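When the chains are written out, they are named A, B, C and D in that same order, and each has its own residue count from 1.
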Amino acid sequence: MTLDAAWARRWAAQAAATVAAAKDDLTELDRQIGDGDHGHNLDRGFRAVVAKLDATPAAADETVGAVLKLVATTLMSTVGGAAGPLYGTAFLRAAKVTDREELDAPAVVALLEAAVEGITARGHATTGEKTMVDAWQPAAEAAAGADGATTLAVLEAAAAAADAGATATIPLVATKGRASYLGERSAGHEDPGARSTALLLAAAVAAAEEP
Amino acid sequence: MTLDAAWARRWAAQAAATVAAAKDDLTELDRQIGDGDHGHNLDRGFRAVVAKLDATPAAADETVGAVLKLVATTLMSTVGGAAGPLYGTAFLRAAKVTDREELDAPAVVALLEAAVEGITARGHATTGEKTMVDAWQPAAEAAAGADGATTLAVLEAAAAAADAGATATIPLVATKGRASYLGERSAGHEDPGARSTALLLAAAVAAAEEP
Amino acid sequence: MKKLLDDPENAVDDSLTGFAAAHADLVEVHGLHGAGPVFVSRAGGAVAGKVGLVSGGGSGHEPLHAGFVGAGMLDAAVPGAVFTSPTPDQITPAIQAADGGAGVLAIVKNYTGDVLNFETAVELAEAEDVQVATVLVNDDVAVEDSLYTAGRRGVAGTVMVEKIAGAAAARGDDLAGVQAVAERVVANVRSMGVALAACTVPHVGKPSFDLGEGEIEIGIGIHGEPGRQRIAMTSASEITRLLLEPVADDLHVASGERVLLFVNGMGGTPQSELYVVYGRARALLEERGVTVARSLVGNYVTSLEMQGASITLLRLDDELEQLWDAPVHTAAMHW
Amino acid sequence: MKKLLDDPENAVDDSLTGFAAAHADLVEVHGLHGAGPVFVSRAGGAVAGKVGLVSGGGSGHEPLHAGFVGAGMLDAAVPGAVFTSPTPDQITPAIQAADGGAGVLAIVKNYTGDVLNFETAVELAEAEDVQVATVLVNDDVAVEDSLYTAGRRGVAGTVMVEKIAGAAAARGDDLAGVQAVAERVVANVRSMGVALAACTVPHVGKPSFDLGEGEIEIGIGIHGEPGRQRIAMTSASEITRLLLEPVADDLHVASGERVLLFVNGMGGTPQSELYVVYGRARALLEERGVTVARSLVGNYVTSLEMQGASITLLRLDDELEQLWDAPVHTAAMHW
């Protein structure tokens, strides 16, 4: 298992498959406290990502960053809504710190931290506001905390933390994004962006576990 | 029991009460094959008739025709739709042949025949077209056929024939009025105008039977 | 039934009250709240020397007709109760108010109730020395014009008649001339509509007709009455074809001819869908070699909040095109 | 769900295809059916020397924004997927297309998605040497403007911003001037809306939110999101009061002041009901001594076929009134 450009491509493909499968569930979450488009938007974006990667043959010395940059720009130009620029920026910042052919454990931590910084720089949210930050931030922290573990273990810790973080958004009252307009009524529902974040990181793990 | 102006006033009051009670049923019939306003329109009209009669004290020598003319003009200016001018004309023509203080049996026949003539002159419908003519025409014929009977018996014969005529519209395919647009789909429903005609003639009988 | 109304019995009056206040520069509304027979006339009164134009019918089809009162279109409009023709005592004063001394054209949609009430009203107006001509609009190809119906109904094509006859009156045509133009529009306009969901008359409180989730009504009128045929829900392309073809066939519109294509919303269908239908209809016309020279897309002849649309074609010639393009300033149509 | 559509996935493109064909004299639609990033620009291109105006947002709010492209209003509009902000690769070329050399004002409704996508697009356009200023519309008083929300949303007041800034650009104001006028409108416009029934996004196939037969949502946005508060259905007068008072209070509109009163339909409510609300709102304003100097009633900022309405007040002064009255020629607004 190496986290190289091929892994990054598998990650994108896995993410596309996962999002396609979860599309209706994500949209239903967004219907409860948003405008019911999150699953659909992400699905459109990741289908475009797969098409773009298919059309872009891997160079022999392709870096992880090169793949992530392609993911970033494609999401930016196809997802729209709040999630488009946020995920776009996350992957763009992640691409900047992964301009190498293979990632080790510290590089995975750097990738996640760059993603979080990108999202918070664009969206100005912090944890507890019932957004995707509530999945990305614990993911980055868990990765950093999984000191000395294998790269796979670091990635797994991040994915597990993102999953727990998404679940933990349920009782929160949203103060950012569309759900904030609902005030107290936003409590009791999981944030769609936090859930999709958990799915994306789980896809990263699955891609790492592939032969 | 005399069919005088007081009877005509009682008829109008009875008609108003009957229509008010049957308003929703008539509207439902019209909803099936028309536009769902017949009961409401007639109710608005007869409420106005009652108000108008209340505001018009009876002269000592009031004729039946005078009352029917007031009914006619009020219906004309408050009912609208197809039924407004048709009922209006029916009562106007009936008024013209009842300009006397009391009606005998032949005068009842004349009243009904004048009404039928008025309706067909305005609406150009004949029997079998699934309209109010299918109640008025048998009523006039039954009255004419009840030769030598009492005025009450003549009126009763007319009301019974109107009722049967209304029921007999159920299998018909409409070729006049709004129901005609439905073509074959109009069969299987009673014509609202034929039913309201039967109710009006039943009210005439009830008014005659009052002390 | 949830509606933005107070007492459903007063819905028409309450709505006209707002309409009168919003468009006081264009219209005057008479007789509200029991003050007398209700009708709408042009602010400032009849235009001296100009042929007056009057139309009317049941309410619930807004902006028809009151929304078309103003310069270049109607001089008066007569709203009845919801889906119920107005009465002669409303129509006659409207005709009188529209008379600028050059006579009045009454534009009547062909429904038994409208025809009968206008007939009486015109007689009464003539007795008051107003010269009145009548034109019957009967553009609905869903209804067969045969002995077995009350004849074709007047539907969305009414807007074309009112606009173009209005322009003819505004340019100074006399009564016979305006009537002739109006009749030429009637002869060259055809329509057909579809309902995806019925509407609910306020005081009735339940839908005008029952329609299943998977069904649509083809050939509906505008009075909340059911259509000619019930079919299973299908695509916009197919529905457009089912409406456009009978309309184009009945009009005998030939390759090389120019038409006005009007996609009308019934009230509850979003504009975006009307443009889908417009695009499909236009493509079908172009396949036939017909040029769409003028267009209108929007809610002009509605049935309350009914979901659905109708397609209207008007065969154009240079004069009708000019009259269509002529300035108009009403609440619902302005250019 | 019954809609006049073919493939729901292509609803936006199919609708824009019809829109482009119907209004070829006013607009050009770019990028349809996979040809590239989708945006709408003025037919004939940018007006040299005039400040360009661009707006955009999710589709489903028609006629906003594409219906307002034309003389006296917008130079370009950018429709996203239904209820989804457009992406920078659509917005940037729209900004470039609107640039007549005097810079471009981007009118952005305050939603996280719209703000973020426009931010990126503006950066990219500036990199292409277009001078761009941005104005954020946030007229919705249903949302508290506090640390605990994403700030107030931009809703129906957007029409006032686009019309008045458009008139300022048309009279020749420079970019800073147009921006200042737009910001003055933003500072003086407030709105609030109600939904009687939710709408259904085509590709979702079920209503945006669940609402019981006896319930209504007060304080809805225009993106199919639920409102701030759910209450039992009540009369038009009461609903009008619940919308008008917070709007008037928040605007601090005082006796003797003049306002524009805009009653906007959400798409599925008949015009007749909008006029009932208009009449009630106007009466409430008159009670406060406020003069309704200008009015607008109709479906301008919709949420597909949502049933409901919003009330917008704009405090007027002589200049804003003149700019509102200035000629406009677009698909959805024309005088």
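Here is the rule we use: a contact is a pair of C-beta atoms (placed from the backbone, for glycine too) under 8 Å apart; a residue touches a chain by one contact, two chains touch by 3 or more.
Only a predicted model underlies this, so the values are computations on that prediction, with no experimental measurement involved.
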Identity of the chain that, by mean CA position, is farthest from chain C: A
Where chain B and chain D are represented by their mean Cα positions, the distance between them in whole Å: 55
Chain C and chain D, separation of their C-alpha mean positions in angstrom: 29
Centre-to-centre distance between chain D and chain A (centres being mean Cα positions), rounded to whole Å: 32
Touch-based graph of the chains, sorted into line, ring, star, complete or other: line
Interchain pairs in contact, sorted by label: A-D, B-C, C-D
Chain C-touching residues of chain B, taken from the complex the two chains share: 27, 31, 34-37, 40-41, 44, 76-86, 122-123, 173, 175-178, 180-183, 185
Complex interface listing, chain C residues touching chain D: 2-6, 11-12, 14-19, 21-23, 59-60, 62-63, 67, 196-197, 213, 216, 233, 235-237, 239, 267-280, 282, 292, 295, 297, 299, 302, 304-305, 307-309, 334-335
Residue ranges of chain C in contact with chain B within the complex: 37, 58, 80-89, 111-113, 116-117, 119-120, 142-143, 147-150, 153, 201, 203-204, 206, 208-209, 221, 223-226, 228
